[in-house]
Amino acid sequence: MKRPICHQRFFIFLLMLFLCLSLSPAWAQEGGAGSQIDTGDTAWILMSSALVMCMVLPGLALFYGGLVRSKNVLGTIMHSAIILCLISIVWVVVGYSVAFGPDVGGFVGSLAHIGLAGVGTEAFPGTGIPHLLFMVFQLMFAAITVALITGSFAERMKFTALLLFSVLWSVFIYSPLAHWVWGGGWLQEMGALDFAGGSVVHISSGFAALVCAMVLGPRKGHGAEPMPPHNLPMTVLGTGLLWFGWFGFNAGSALGANGGAASAFVATHIAACAGGMSWMVAEWFRTGKPTMLGVASGIISGLATITPAAGFVGPMSALIIGLVAGTVCYAAVVWKARLGYDDSLDVVGIHGVGGFTGILATGLLASVGAQGLFFGNPGQFVTQLVLAVATLIFAVVGTYIILKVVDLTVGLRVSTDDEQVGLDLSQHNEKAYS
Amino acid sequence: MKRPICHQRFFIFLLMLFLCLSLSPAWAQEGGAGSQIDTGDTAWILMSSALVMCMVLPGLALFYGGLVRSKNVLGTIMHSAIILCLISIVWVVVGYSVAFGPDVGGFVGSLAHIGLAGVGTEAFPGTGIPHLLFMVFQLMFAAITVALITGSFAERMKFTALLLFSVLWSVFIYSPLAHWVWGGGWLQEMGALDFAGGSVVHISSGFAALVCAMVLGPRKGHGAEPMPPHNLPMTVLGTGLLWFGWFGFNAGSALGANGGAASAFVATHIAACAGGMSWMVAEWFRTGKPTMLGVASGIISGLATITPAAGFVGPMSALIIGLVAGTVCYAAVVWKARLGYDDSLDVVGIHGVGGFTGILATGLLASVGAQGLFFGNPGQFVTQLVLAVATLIFAVVGTYIILKVVDLTVGLRVSTDDEQVGLDLSQHNEKAYS
Amino acid sequence: MKRPICHQRFFIFLLMLFLCLSLSPAWAQEGGAGSQIDTGDTAWILMSSALVMCMVLPGLALFYGGLVRSKNVLGTIMHSAIILCLISIVWVVVGYSVAFGPDVGGFVGSLAHIGLAGVGTEAFPGTGIPHLLFMVFQLMFAAITVALITGSFAERMKFTALLLFSVLWSVFIYSPLAHWVWGGGWLQEMGALDFAGGSVVHISSGFAALVCAMVLGPRKGHGAEPMPPHNLPMTVLGTGLLWFGWFGFNAGSALGANGGAASAFVATHIAACAGGMSWMVAEWFRTGKPTMLGVASGIISGLATITPAAGFVGPMSALIIGLVAGTVCYAAVVWKARLGYDDSLDVVGIHGVGGFTGILATGLLASVGAQGLFFGNPGQFVTQLVLAVATLIFAVVGTYIILKVVDLTVGLRVSTDDEQVGLDLSQHNEKAYS
Amino acid sequence: MKLITTIIKPFKLDEVKEALIEIGVQGMTVTEVKGFGRQKGHKETYRGTEYQIDFVPKIKIELVIADELEQKVLETVTRAAKTGSIGDGKIFVSDLQGVIRIRTGETGEGAV
Amino acid sequence: MKLITTIIKPFKLDEVKEALIEIGVQGMTVTEVKGFGRQKGHKETYRGTEYQIDFVPKIKIELVIADELEQKVLETVTRAAKTGSIGDGKIFVSDLQGVIRIRTGETGEGAV
Amino acid sequence: MKLITTIIKPFKLDEVKEALIEIGVQGMTVTEVKGFGRQKGHKETYRGTEYQIDFVPKIKIELVIADELEQKVLETVTRAAKTGSIGDGKIFVSDLQGVIRIRTGETGEGAV
């Protein structure tokens, strides 16, 4: 029964694609004058785009893959992999236009750039890089944001549900948010500061994750039987690649190879280190032992938290932000246990809480190219509060609606037997290790 | 008996090397005026060269290593690793000169650059990068091409045979081909288009792989006993690193950080995504389940297929090429079973078929800096056909001859017992996991 | 008893940090004129900094992690991870100033740059990159040097001891050494050549490792029971990432994207390949089988040995250096067995011996921007000898003193039971694989 | 003394262990095994090639007990390991000539 | 009832399994083991240090059968597992007091 | 013939093996198992969640010997495997009806 249905769905999906294509004016692509292109800036953003792609696959895929049980590792890795493929296509077909097309009432972009119409090799306004390069750099952000969410419903989401959810969430939540903050939307007009995605990427995915965890419910046996990570070195490998890629994510957001990029690079690195240290210390106090997973989690917390601030703060502020991040996120992860929902891989505690903290911290510590409260500009803090809360509400409400739609159409969870057997065999007819 | 012989062989090899050295005029290296060097272009090609190196090791090594049985994983990884070392040396000693030395009758380069004579830090004609940098960027292509072939004879090739085969194939097949298409040879004169190696790299290695699979014969037990991949997450990791590196491979082939590089970058990424999607969908229809290995294979198919077109097509054409690639390569891999030869890791189905498809697709869809059939230039398609067929024939015939030579000198296959025990213990006295 | 104490210690450490912060003038950071910033150079050094970070984590962490027994893999990976976090913070707080602050008597830098005071986005003197970027590039070197040492005391060092040792070693050994050779210290004045750290990084860590191995004593059961690497593919992955990152390490040390960087890139690659080949051949002669671990070790040997020479030699000299490196380091590793100390992961044989060889080789083969003995300048060889020996003595003596201090305060080794159980469970309450 | 060997479904291990502890069993030895039987295995697909895997993962528990405990143990295991679906597993009973506790050299029932 | 335990070379597992199914055996339990015996192990080298590994990988099959099947099973296994070279393995035969099928509670021959 | 099954601490394997070889034992089969008993397991912590693991890794050695060797073997194993601390393990002794060496078809004592 089920299979033919999802076949149909795919067929329709493919048709849709080809439609867009044939309609698309971007068959051939207008050669840009490229007059104002700066080779150095272009070199750095080319590299940064590759780095952010590397964050999704293999980075995030392995970071998450190592944390699940071995019967679900392929299913978990698949989430990041297929989201990268699927959302990239959605982005070039429609997503980019919704996010960065000419502003419509401050809320979305027009469809002027659908199918990348009018996106060529000419310099992107205000930068020294080709428009196409700006588009693909932003594409990577769109992909990783959706992929981050998957950690909350790991080991139990139906694969068809994942596909549908990802497309809807990307088009209806991510693209509008990106427009609000970066595409000329109302939050940008307000002067909200989000250097590389503390709100657009981390708050949105982090609190979407919370809704997913609550709507899907806990994994079978959650709390009762132990579910230790099946391969922590894999998770550490993922951590290292995420960190590596994050330099492109944050320093690349300067959209050029300049002092601002260098400053963002330094802030990013310091916050990652401080996050790792402080999570470790906090855990050491509480449980009496420092753990490798704790350091890895702290590093990611530091990175998520510095993301919105990277370009606006000095190195010592970055150090503070990192130290706070590791402690706050650890606390959030510990408290989760009390709240009882099964955010399987702690997306809420790390990205949601981290992103929220970072947006507010930017309002306090901004000192480069903008002033935060501590530098005599209390107004900025208020703006940041609006940014954080608006993003959170939009993400929570939107995600809830999308989940309901997916539940009614293809259903959200795999059967209990399939969950027992594991996603790898039940969803993909594969085994990770032989 | 056997060992002393191969020792001798190695001794001779080393002697040869030192000979080249002493003869070489490149002891010290001429400082280049560097007047026309562009730092941005140089930055991007430095990075691209590193990225392509990363494709071979750890990228390809792990992609292949995860697909074999655990008793052969080191032997398989060793193939990529030692080829990178060996071919790099062969390239600087003689290969580069054969490929890019002053043209001799359209077929090979002269030995003017042997031992890198005359290859310095001055700008490479027509680019803003140092000649040495162009040389090392091309070196990485030479290495990965040979490494790709090893997937076809995995789990049974004698190690000494691998070494001899690699040197001969690189010097007598790869270097001339590179000259024909990129070094000022007859195919380049004809106006054949191969942006980053659809023919030179993928058709050549893909069909060389076919000959290898047929000449060596199937693995013991092939078809009878199941031979599932021993570690698919390792293969996915390899896939991610290959994808990451492919940005350097394709966008780096613009030899600068400009609009062309950005456009090639975008085409590469879109084709990878589309390839992953379409292979998954095709497999889903046929076997009823989407698989992680399918997505990974589709991604590589998309990348191999877009390679020759990357710099010549717009994003929507890239999307089409990717969608076609995933489907066609999946079909090829499925049909292989019928044909019965044991191309163990599907080099033919993915690189041979993908590369061939890509070369032809370039003749149809080229629209940037060149016109394909769909853009009013049917002649280009014919030229592409010649390019594809000529490469295929040269690779097939040459590979066959080289295999015969290797067979008569050191022998191609390990003994049945050694194959039973596995390459790791029998060839290398090592075990991968303890 | 023990735990509360180390808590205290951490508390103090944190306090210290915050102190530095509040004192630090670098809360906000002076915007640099950035007039002379070159985007291409900046792009390359941004990337190089990321590459060197990637060498530590995941590169070195996995290279070492694969070589130990599975009960110690997390403890081993943790060493690299936490050193990256901890030393980065130490570096921005005080280390950078000690190494690169205004020279004080040729031995250390002043504390002018403590807390990164006066380190902004203006161009670093004599380069086209921001001062902050130079600082963070150097930071990565500081981190990896300490991390390299950990291979010598793997599987038995107490975690608290590791933390204390790392901080002391970095501040009192690494920073001064960096000042002597690169920061305007006496060795630089003498004209000593060390392009990317053969002495500062490899001799220092390599011989510090020797002292550590001798002071801590061998692992329980060393020599008696077999201790094979638990996961060689993990080690090969680490090797590949180290190689990849080494391009940033060496070519990045040109501090720009120019002919010098290209030349260093080529030398680095050739030496790595030659090192892999020659170690394999040497091992093949001696034990009758080439091994994957041998090739990996040879590659690292070649890379460590070319490091000081990379910018000063032509490609053919690099080839010689690589061939020598693989053979000499293999010999050193084999002889270790006779000497009986337990340098668990061969830091001495590879980095100590390799670095020493490289410094001397630079004195012989330098031909680009400097002349070595073979190019008519015997004086350079003498200078190099002074450089190598001075570094060795300073590292050996300093390390011994620091180890004694650590031993008297927190103790160096875990208990015999903890060693039996393994570091993962005894030090971190974690298991790598479930 | 008796040696009770039982093959069960992996996810039943904890339940069975707890049940045995309740009735006073103080030790057991567990092995991961692969079982072949009525319960059919699963299908795996790699690049379009399909494999039928007949073996299913099982857990083997070895239990040495005093003779008088036999019935109680058999009932307990049967109850705790049962799901009612094919593949629940088996229990095998055999005699033991002797048991020694290595640490103390104790033998017989005192040793378990 | 009898418990037949046999140690064989890993690559012989499929052959032996098929042969047993042919003669009507309906189930078995398989364990990966390491064997020590006349068959010598192998040498491993890591950075010039050589280890002699005495243990070789083997597969252990446990088989519970009705007494009358014993001869047939022994012959079958011997035939299917044999290569003639050292290390082919052993077959051990022992008595079983009882068997239970957990799912149904059936006992004795009906349970296997 | 007797089947001696012994559960020991993993790091004792080499010692026990050597000791057995000395008294003329020519073969054995080794399995990695998890043990539950008086020896308490360990604690694991992942992101602040703590797990108590009851099972500890053990090695099981299966040894088929001629009856007359029984005493010697039992003493040897007890001596070699002993550390005196909880968790040293057990030895179980049971009867074997028969043994076959697959390679030669030899049976009985000649087969081990």
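Which chain is which? They are A, B, C, D, E and F, in the order written, and residues in each are numbered from 1.
Keep in mind that, in the parts below, a residue touches a chain if its C-beta (ideal position, glycine included) is under 8 Å from a C-beta of that chain, and two chains touch if they have at least 3 such contacts.
All of these numbers come straight from a predicted model, not from anything done at the bench.
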{"item": "Shared interface partners, meaning chains that touch chain B and chain E", "value": "C, D"}
{"item": "Starting at chain B, fewest touch steps before arriving at chain F", "value": "2"}
{"item": "Any chain that touches chain E and chain D", "value": "B, F"}
{"item": "Which of A-B and C-E has more C-beta contact pairs", "value": "A-B"}
{"item": "Same vs different contact residues, chain D with chain F, by half of numbers used", "value": "different"}
{"item": "Chain E-chain F separation of Cα centroids, rounded to whole Å", "value": "18"}
{"item": "Averaged-CA centre spacing for the pair chain C and chain A, given as whole angstrom", "value": "33"}
{"item": "Distance from chain F to chain A - Cα centre to Cα centre, in angstrom", "value": "52"}
{"item": "Chain B, residues touching no fewer than two other chains", "value": "38-41, 43-44, 47, 228-229, 231, 237, 257, 287, 289, 291, 293, 429-431"}
{"item": "For chain E, residues that touch 2 or more chains besides their own", "value": "31, 44-46, 50, 94-95"}
{"item": "Which chain pairs touch, all of them", "value": "A-B, A-C, A-D, A-F, B-C, B-D, B-E, C-E, C-F, D-E, D-F, E-F"}
{"item": "Touch list for chain E against partner chain B, complex", "value": "11, 14, 42-46, 50"}
{"item": "Chain D-touching residues of chain F, taken from the complex the two chains share", "value": "2, 6-8, 31, 33-38, 54-55, 58, 60, 74, 77-78, 81-95"}
{"item": "Touching residues on chain B, where the partner in the complex is chain E", "value": "221, 225, 420-421, 425, 429-431"}
{"item": "In the complex with chain D, residue positions of chain E that touch it", "value": "3, 17, 26-31, 64, 94-103, 105, 111-112"}
{"item": "In the complex, chain F residues that touch chain A", "value": "44-51, 53"}
